[in-house]
Structure formats: structure tokens, C-alpha cells
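Next come the structures, one after another.
Below are two complexes that have chain A in common, paired first with chain B and then with chain C.
What follows is the complex of A and B.
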């Protein structure tokens, strides 16, 4: 244990044998991961700059151009009220991604905090883990349904469901990682030199668990998006006319036999986002934290 | 084994209480005044007061919760606001189809997942392995409704091979054709994860000493793989199925809604959309209990597959 590590409480690189610059290089060498990364960056940029990229107003209905198949004028065709699907997919991706991100970040934060606290304060462990068990007893879709029943359908219901779905698993992973760190010498050393609990938890414990939590969240991100989309599809999420990919697929379902592209294109968009996220998550895991491998 | 199950039941108990409390909230706390909703907009004050008393809304929340649990234990889940039928009756009608759908999905997903995973493991690094793994990643990334939409559009509509709306009856009574597409949709989601984990587990087991011994005894490769490797690889796979139970339930809700399958999930979604609180809480409760039961069942299966667990 170097004095530097004791000082910062952070044991980077050495444990996993991977340097930060090395991570990117190794990801770039993995062609599939590199492709997935590029696709995902492209999607995120497209979603971010949707107002500038979208060729049409996503809410503008044109009843003279109803259910047109994809052509040069409307790349992804038009929906049942003549709205441009390409523009709506851009805006929908924005909402879908945002839901997933909020779910992952808030859920990751709460779950990470719970897991780390459970590992640090042993007396809290039993309570926190029981709470986690109870949360695990509610499948995410059910939470979404219940919250939608209580507060009414909307983006809030979906966000709450996604957070509740993310918290328990992150808490378990964070607790596992934190218990590992707790066994390290520098924790004892830190305590011996009189470092405060707060400092120990944040600088010694949390910073050493963050990469594991991050990898786990990237692995889960695809699933979080899928749950959000499923809730949107069930009508528990974004309400019309807001564009959200799951809801757009559900709306297109009514016109499946006349204009299959209305439902298929948003579904495809979800598939591409989730596939890219999953491939990238797998690659991240292989490079950063092979222990999470199943 | 009995001890294991008792222990598991004890853990499930607080979870069950949580479920009940949530459902109770749905029923009693959520609507600003359930009595007013039930009585309708033009009801007289006395009518509302009478309903309040009938529902026990004039008592304190803990007392109400206790009474709610007592009612649930008696099987009384209230009346649907929309159809005025007993919620328990509605649930009784929908549980069968949901169980049927989930079992059908498992019957499709588990054997194909195990077979594909084993095939990939045995052909490790070869083209077969790569194709199977690529398909499994794609499968995991697909929204349930996407698979459903494709099946409905092609198998159901264009080629008119199978029915794709509603349920014509129980499986044993000519209902099989109407079950195939929904079960395939729900099962397809699970094949990927099962195949992936089976591959890892089989690869791990194939390197174990007892497999080498089995081979050294001169057993045929097929016997070694099926009886020695696959059986031991089943343990993580069973865990996975338990973990995927949440996925299965969620998928069932989506699948039922898509195929107009008269199950609990569709009942729940319909009830929420129409603000039918009693039915919604009943359906959500049944789904949550189903989820707890699946996990319990998985734990029991464990002990059967790995007798070492029992002795711990």
C-alpha cells in the first residue's frame, strides 16, 4: 500500500490492471464494441439535436398525407394523422433515452448509496437488504402499473418504475463490491489514522466501487430502456401527442395491416438503441470488470 | 428441504405485506374519496356517507389496513366499478389464461435455450457458436412487442397460419392454435438469456474433473454432455429463470395486451386505463403474488437439482 493510495484512498489501475487510456484503446480494438459505441453516439447526438435535424414538426398533422410509406420526401413515411415519422422518431428517441438515463442515474445513485451504506454500517445491512428483497418482489412493469394507477399515467410513473427497478440490483452489486473493499488493508489503515466515517465512505469506499457500479449500470441500461418502452407501449407512459418510441409503436399497432411501417419503425429504433447499449455494456464489462461476467 | 421452504416463506412474508399495503393504498388512499367516485357525481350526501361507512373509510388507516388484509384473506377483493362483478370472480377467470401463456412460453423458451446454449458451448469459437450468440444478443435487445408485431403481421395476417386475437379456449379444448403466437412472443424473449447462460455454464462444467472422468470411463460424448454436463449446468440456469420471472410477468402483460389474451395483465392494464381501482389492485396483487410464488418454486427446484444446498 503506497502512501499515495492511503492519502487518496483510491486504488486505481492496479487492481484491475487496466489503465484509463487503455480502456478506450481496448474498446476501439474490439470492432463490435467500437461500432456499437459509434452508433450509440450517433443516436445520442441525433436525439440531442432533434430540433435542428428533424425535417418536419413532429406534431404537425397533415391529413392529405396520411399513412404514406417511406419515400424521398418522408424518409420513414407518415403516420395515421400525416405526421412525419422520421421527425417523431428523433423526438421519441429523445424522450426514450431521457427516461432511461434518469432511471439509470437516479436508481444507480440510490442503489449505490444503499449498497455502500449496508457494507459500511453492518447494523444497517439486514434492514437495507430486507428492503431490497421487498423491492425485488415488484417486477418493474407492475410498479409502473401501480404508480400509473395511483398518480395517473405519464412520464413520472415510468421514471418511478425505472428507478425502483434499478435500485435493488445496483444495491446488491454495490454492496458486494463495497464488502470487498472493506476487507482491504487501506480501510483499516484509514481508520487507524483517524479518517472520519464520511471521508472513509466517500473517498475510500465509494470511489473504489464506482467503476463496478458504472459497468453494471451500462449493462442494465438496455433493459431499463426496454422496460420504459414496454410501459410506454401499454399506455402508462408519455401521453399523446408526445412522441415516445414505445407509445408510437402502440399507436401504430392499430394500423398494422394497412401501414406496417408506423409501428415497425419505432420498434426498430428501440431495438437498435438497446442492441448498441447492450453490446457496449458487454464490452465495458469485459474490459473494466470481468467479475460481473455471467 | 422443508426448512429451506419455510425460511423462504418467512422472507416472502414482509414482501407480501408490502404488496398488500401498496394495493391497499391503491384502493383506499389514492382516489381523493373512493366513496364519491363509487357513488357518482350527482350522489346525495347521505348516499356518500353510507358508502363511506360500508367501505369503512371513516376509521383510521391502520384499522382500515388490518380490515383490508382480513377481507383479502377471505377472498373478498371488492367489486369492479366498471362491470360491477366481484373482483375475485374476474380474477378467477383470468388467472387460467395467464398461467397457460406463461407455461407455454417456458415450454418454448427453456428447451430451445438449453439446446442452443449447449450447441454453442460444444462448438465453442466456431461459426455455429458465433451465430447463436449473436442471435441471443439480438434477442435480448428486442422489445417484446416488436416480436409480437412481426409475428402478428406475417404469421397471423399475411400468411394467415394462426389466430392472433383472443383465446378460443383452454389448450385441451381446441385452444392450442390461439396460444401459439402469444406464447412464442413471450418465449422468444427468454431464449436469448437462457442460451447465453447455458453456454457459460456448460463450458465451465465441461472443464470439470467429473466430466474428464466420465469421458475416461469411455462414455459416449452425447451421454457425457446431456447427463453430466447439462444437468450440472442447469443450476445457474434455474436461477436465471427465477430472475427472469419479473421479465416473464412484465412480458406477459405486454403480450396479453397485444394479443387481446384474456389474462390478468390485460385486466390490470384495462382497469388502470379506466380508473377501476378495485380491479386494478386485485390484478396487481395477484401478479405480485405470482411473482413471489415463482421465486419460491425456483428455490425448491434448486434443492432438487443440487442436493448439496439442502445440507448447508
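What follows is the complex of A and C.
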């Protein structure tokens, strides 16, 4: 779903009639969403408990066992420095998910704040939206490359790029939702009884926009992960020995003929995470977006 | 629908074939992975400039296949005064530039004066020695007078930095010299350059002064030489396998085995070839100021494993700074670096670095986690990662920081890191020692900040030695000292392979400054 579509779809939360239990019930009824949710939960748990699940130290190199195909000893084989790929995928998933979450949360927070402020203070609207337009003009990958060129490759460069990539879209969505709320009678009533700006922004405006922003971020989460992995693939992200799925795929790229598993296994892991995140995001939208409720 | 699909496929094939152009019998197609910033040899140290410059410009002396012996080229003979300060070069009288202008002693005088002109800021100007005066005593004689003897002058004069330029061409092109054109006496003439895409050279029809190392004295057998830039490793492999190019010396090392097995390709290693991949220690940084820490890192790795597993056999383990085959190598440096992981741990303990709770050693509240700078490319990153793995086992946490090639030299000139890595091509022990260990070269290329009066004195004595044995003696002393101090961690002597189409013959790879093609006089199809 595009940001534009969401911009016009605000209905105050209390009118949707969707409770937390109701959301979960509806998600469970959608088999694809349920499956995606289970897969994502499994991935998150595996990532969280990686130190206990991983059979080997993900950083332990053994140059006498390089590029071994998957077997009973190394389920996913070994990479070009003899490290166990299964263990590295577990740790890599952890870093990849962390990047996605940081990008979504920080980008969502900044973008949401900018969008709501633009809707509430109309004199700020033009400035903020032009800033957002400028940010939209730079692809996240380009920003990541620029940041890495200046400060050096690393997770910081990726986080900055992901945040910058997330902020403008979230800001536009939040602004659209907030403008809808601004037209509601309870906002007018709040003003009439002398509620402070801070209260109005937080209790009346922000709390009524959060579900819209959340839905948008769930949809966006897969994309953020994909951008993070792409930057890792280009060498701008985590640096060795840190495991990160995009970087692991890149490391295997030059050995595609000799040991295709080095690149394909982390790539498959990225695919599964992004697919599960996207399917779950779609399901969340279906449940939380009132226009789609029948 | 099928017709449209077939049409698209045919168009695609035509476009694909068109990338390299039709393989004309009169065109030789070369491929490289990286382009140069310009082709003015006096203003750069850049390897990708050197190979092209060697094709269209010439030096007074050429370097023979053994990588040690200077042989006559534009200078047909020379004499050296007893005090080693004056070289008298007798020049060939049958040489002309691509423009048609006759080559004379004035061109030699002009070229070296330009090289020493401070405005040029020639980074390799030292390779021409400390010139006192250049005199053209007649149109084909040059007296080359030095302030002090320079024992490696002839060897250094083979380098691309010292090629002969045509004053008229330099002045006519101004700032565009080496970009839009450059005149030369080489077997090929500069035609045009499209940065990051291709450089095209044409046959120098008048050329007939090829050095004795080639059977063909000239002209070359092709009308045109097209050098394409293909940065991506896999694309270079595919392009060679599909016959789009005739020769490359930048075939990715990890695919050399496939190239050897390919029925249409020939792989020829450049022998000898002096290219050292090393890690240098910034001795001014607390983490690596102690010799024992540097030695511990150097002996905790397994070079043979790295050569086999990471470079897939396309490199040899390096235990000395200078290749044993290189001029003035000192055999006494052979036993200094002895791999022994247990001794490495003892050395670190003795130096006061004790294992912390996370396994990383600590001292005075500082973790032994040095920052490593290197240029981001496949081999450097893989080798660094492998070493990182070894050093984790002794409690050292190498923090790798790759830099893009466009910025790496600038970053490495800074002081806020501990270790760096480059792969350096060199001609001889003296060449390598003088560049890196003379305190006059602090902060770069002497990034170790190694300031030692004894080293400086020996280097000076080696440079100004009047006999080969004296030169070897002083360079040996330097090698022993800097190796015992473990200022570098030598890791691999990198092989350089020329991959050529089987349709090509006579393409013998040279080793000078990562440049296999050199003059390419014997290449035929």
C-alpha cells in the first residue's frame, strides 16, 4: 500500500471497534498471515536465542575447512574462511532484524513527529513537507554509500540510511492521518475548553494516528530490511567478523561457481524474513485499516 | 508474439556482442579492472597509469625479463664516472615521437627537468636521483649529473615515472596533457581516452627500436589496441570466457583455476613478480608501540593456509619483507618471522596484555582492539578477515575498516588507526626500503612513523654506494633491523597471472609495477 492511499484513510481509533484480542483473532483466521506470523516468531526466537542454538562460534575461522558443502557436521556448510554458516545465519538474522527494527522505530518516530507537527502547526507544514520532498529525492542506497564514504562503512552508516529512507514516507502518512483528526469535533472541543497544545498533540492527535503509522511501518518493515541487506551486500554495513545476511551473501558472490551455498543460504534467509514480514504487514493492514473491514 | 520474442533475443545478442565490438584481426582487445585518474606519468604513483604509459612512451633503459637487469632502450649505451655521480647516455638517433618529431637529447633534459619541477609535485621524482644538472652535449648525448651517487639509478630509470616526454605535446595540451592526449616514442600512440570506459591506442608505424628482450623490434602487429575497463570481477571472467577480449592481467584470482581449465584460454604467471601484501604497524600508537605485540600478531597466523584457502594458491606465503628473488634480498632475514601461536600468547603476556572477561586482551583499561585500514577489494577483505580469525584465538580483536579506493590513500595518511594494509609492487630491496623506511617519508608512505637514525644512515649509504656489494650490505642491514622490529607483518607474495586467448601468441607477461603487457611487441594473433 502506498503512503498516499493511507493518507486519506483515517478514522479515529475508537470508531474502528477493533480490540487487541479482535486483531489477534482476525489474524489467526487468515491462514497465510498466521503462517507468516509463526515463521517470523520462529525467526525472531532463533535470532534471540542464537548463542544457545548456534552449534559453533560464528566467528571461529578454520582455513582447513573452507567452502565445505552442507553436511551433518555443518548443516549449512562453511564459508570461505571455514566458519559455520548455520551459526552465522542465526547471528546474522539477529543483526538484520535489529537493523530493520532500529530503522523502523527511529525512522517512524522522527517521521511521525514531523508529520503530526506539520498537520498541527500549519505554518510549519510547507517547510517540513519540502524537507520531506528533498529527503525523498535521495535513494537510501545512495545515502548509505555517502555516509559510509565519509564516516567509514559500518552499522552506523546503515542505520542512518534506513532512518533517512523511512522518515519521509512516515511523515507523509502521519501528516495525512493527523489532518483527518484535526478536522474532528473533539479537537475543536479540546481547543474550546483550553487544552494545551502539548496535550492536544499527544492525547488527541498522536494517539489517534498511531495505528495508521504502525500499519504503515509493518508494511515498510520488509522493505527496510531489504535496504539494510542491500547496503550490507555493497559492503557498507556490518564489517567482519560481524555476521549480517547481506554481507554474507556478498561474501559468497565470488564463489558462486565453486560453493554456491555461501551466497544462496543467507539470500534465502533474507527472502524468508522479508516475505514473512510483508505478508504479516498486509494482514495487519487488512485488520487495522477500517476501510478494508466489511 | 514468438516473432517479437525472437526479434528481441536477436537484438539482445547483437547488443551483447557490440559491447566489446567485433574482434577485428587488426585490433587487440585488452581488459582491465580499474582505470587511472590520468596518463601523465610524472604526476602519479598510480599503477593503472603505468601500464598504459609504458605502451605509448619509452624510458632510457628497459627492464629485462629477470626483473633486475636494465638494458639499453632509448639510450643505446652509457658510462658512469668513477665517483658514481655522472652518467653519460648515448642516445639512439633513429627514434621519433608519434607526432613525427625526432627524439633528441633535449627531450631527455626537458623530461627530467619537468619531473623535478616543484609545480609538478611528482611523487616518484626521487626515482630519478638527486639531479644536479642535465646537459645535452650533442643531439644524441646526455650528461646526467647527480648531487650524490645513486646506486639504483639505472634500475629506477626503467620505471614509468621516467619516460621521455615531448615538450611540444606537453605545452600544447597544458592541463589536458595525459587526459586528451600525450605524445610518446612508444610502440603505440595515444589516440583517445574515455574515462572509466576505454583507452584506445594506435600503432606507431615508425617504431623500430624495440629493446633486445623482444624478438620483434617493431612496429607492433596490430593497428589498434583497445583497453576496456570492466570493474566487476564476474564480468571480466565472462568476457574472457566468451572471447570478447584477447588479454587481461586482472583476471580474478578465485577464478584462475577455471581459466586454466578453459580450452580457449592460456594462463601465464609473471615470473619473477615482486608484490607484497603486508600489514604495517603505526609504532606511534600505544596498542602497537611494543615490538612484542607486533611480533605476536605476525607469528600467530598461518600464511600457507591463507595462501591456499583465501587466495586459492595464487600467492605464496611471505616471511620476509623482500622477495628472496629480488635484487639485494638479505637471506639473514629468513628466520626472523617464525609462526608459533603459543609463543605469540607468551609475548602478549610479557607485554602486559592479559585476557579480559570477553577473551580480548586488556592493559591499563585499554582493549587490544586495533583499527585496521585497507582498500576495499575482494582479496584484501578476505585476507584481513582470515587474519582477524587467527588473532581472535590469541585475544586480539582486529577492527576492520575498509575504505573505497577513491579515499583510502587519504584515510591512510591520517594518524588515528593502528594498522594498515596495501599490496606493494617493487623492483628491489633498495626500492622497497627507501620508499617505506626513510624517516623523510613520514607520515606517508612511512606510515609506521619509523624514525631511526641508523636506518636513515644505512639507507643513505645504500643509495650512494659505488659498488654492488656495498649497496647490498647496507640494504641488508636495513632489512634485518626493520624485520627484527616487526614494523610490518609480511603475509603474501601475490602472484600475477596473464590470461590470454589461445588465439594470441607471444604475450609474455612482464612484472614491472603490476604491468604485464609492457611493450607487447611480440604479441600476434
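Everything that follows uses one rule, which is that the second predicted complex is superposed on the first by the 274 of 294 C-alpha atoms of A that agree within 3 Å, B and C clash if a C-alpha of one lies under 4 Å from a C-alpha of the other, contacts with A are read in each partner's own complex, and residues count from 1 in each chain.
Note that in this section a contact is a pair of C-beta atoms (placed from the backbone, for glycine too) under 8 Å apart; a residue touches a chain by one contact, two chains touch by 3 or more.
What you are looking at is a predicted structure, and each value in this text was computed from that prediction instead of being measured.
On the superposed chain A, the positions of chain B and chain C overlap enough to count as a clash. By the document's definition of touching, of the two partners only chain C reaches A:81; chain B does not.
Touching more residues of chain A than its counterpart among chain B and chain C is B.
Of the two partner chains placed by superposition, chain B and chain C are both touched by A:153. By the document's definition of touching, neither partner reaches A:259: not chain B, not chain C. Using the contact criterion defined above for the overlaid structures, shared-chain residue A:178 touches neither chain B nor chain C, since it reaches no partner.
In the superposed model, A:139 makes contact with chain B only, not with chain C. In the superposition on chain A, contact of A:275 is made with chain B only, not with chain C.
Judged by the touch definition given at the top, the superposed model places A:226 against chain B, while chain C stays out of reach. Within the superposed three-chain model, A:59 lies in touch with chain C and out of touch with chain B [touch as defined at top].
Of the two partner chains, chain B is the only one that A:246 touches; chain C does not reach it. Taking chain A as the common frame, chain B overlaps chain C at a single listed stretch, which among 128-136, 272-280 or 290-298 is 272-280. Shared interface residues of chain A (contacting chain B in one complex, chain C in the other): 149, 153, 235, 253, 256-257. Interface residues of chain C facing chain A in the complex, by the touch rule stated above, are 233-234, 252, 254-255, 258, 302, 305-306, 308-310, 376, 378, 381-382, 384-386, 388-390, 392, 399-404, 406-407, 411.
On the chain A side of its complex with chain B, the touching residues are 130, 133-134, 136-142, 145-146, 148-150, 153, 222, 226-227, 229-230, 233-236, 246, 249-250, 253, 256-257, 260, 263-264, 267-268, 270-271, 274-275, 277-279, 282, 293-294.
Remark: chain A residues 59-61, 63-64, 66, 80-83, 149, 152-154, 235, 239-241, 253-258 touch chain C in the complex. Listed in rising order, the residues of chain B touching chain A in the complex are 11-12, 14-16, 18-19, 22-23, 25-26, 30, 137-138, 140-146, 149-150, 152-153, 157, 196-197, 200, 245-247, 249-251, 253-254, 257-258, 268-269, 271-273, 277, 280-281, 284, 287-288, 291-292.
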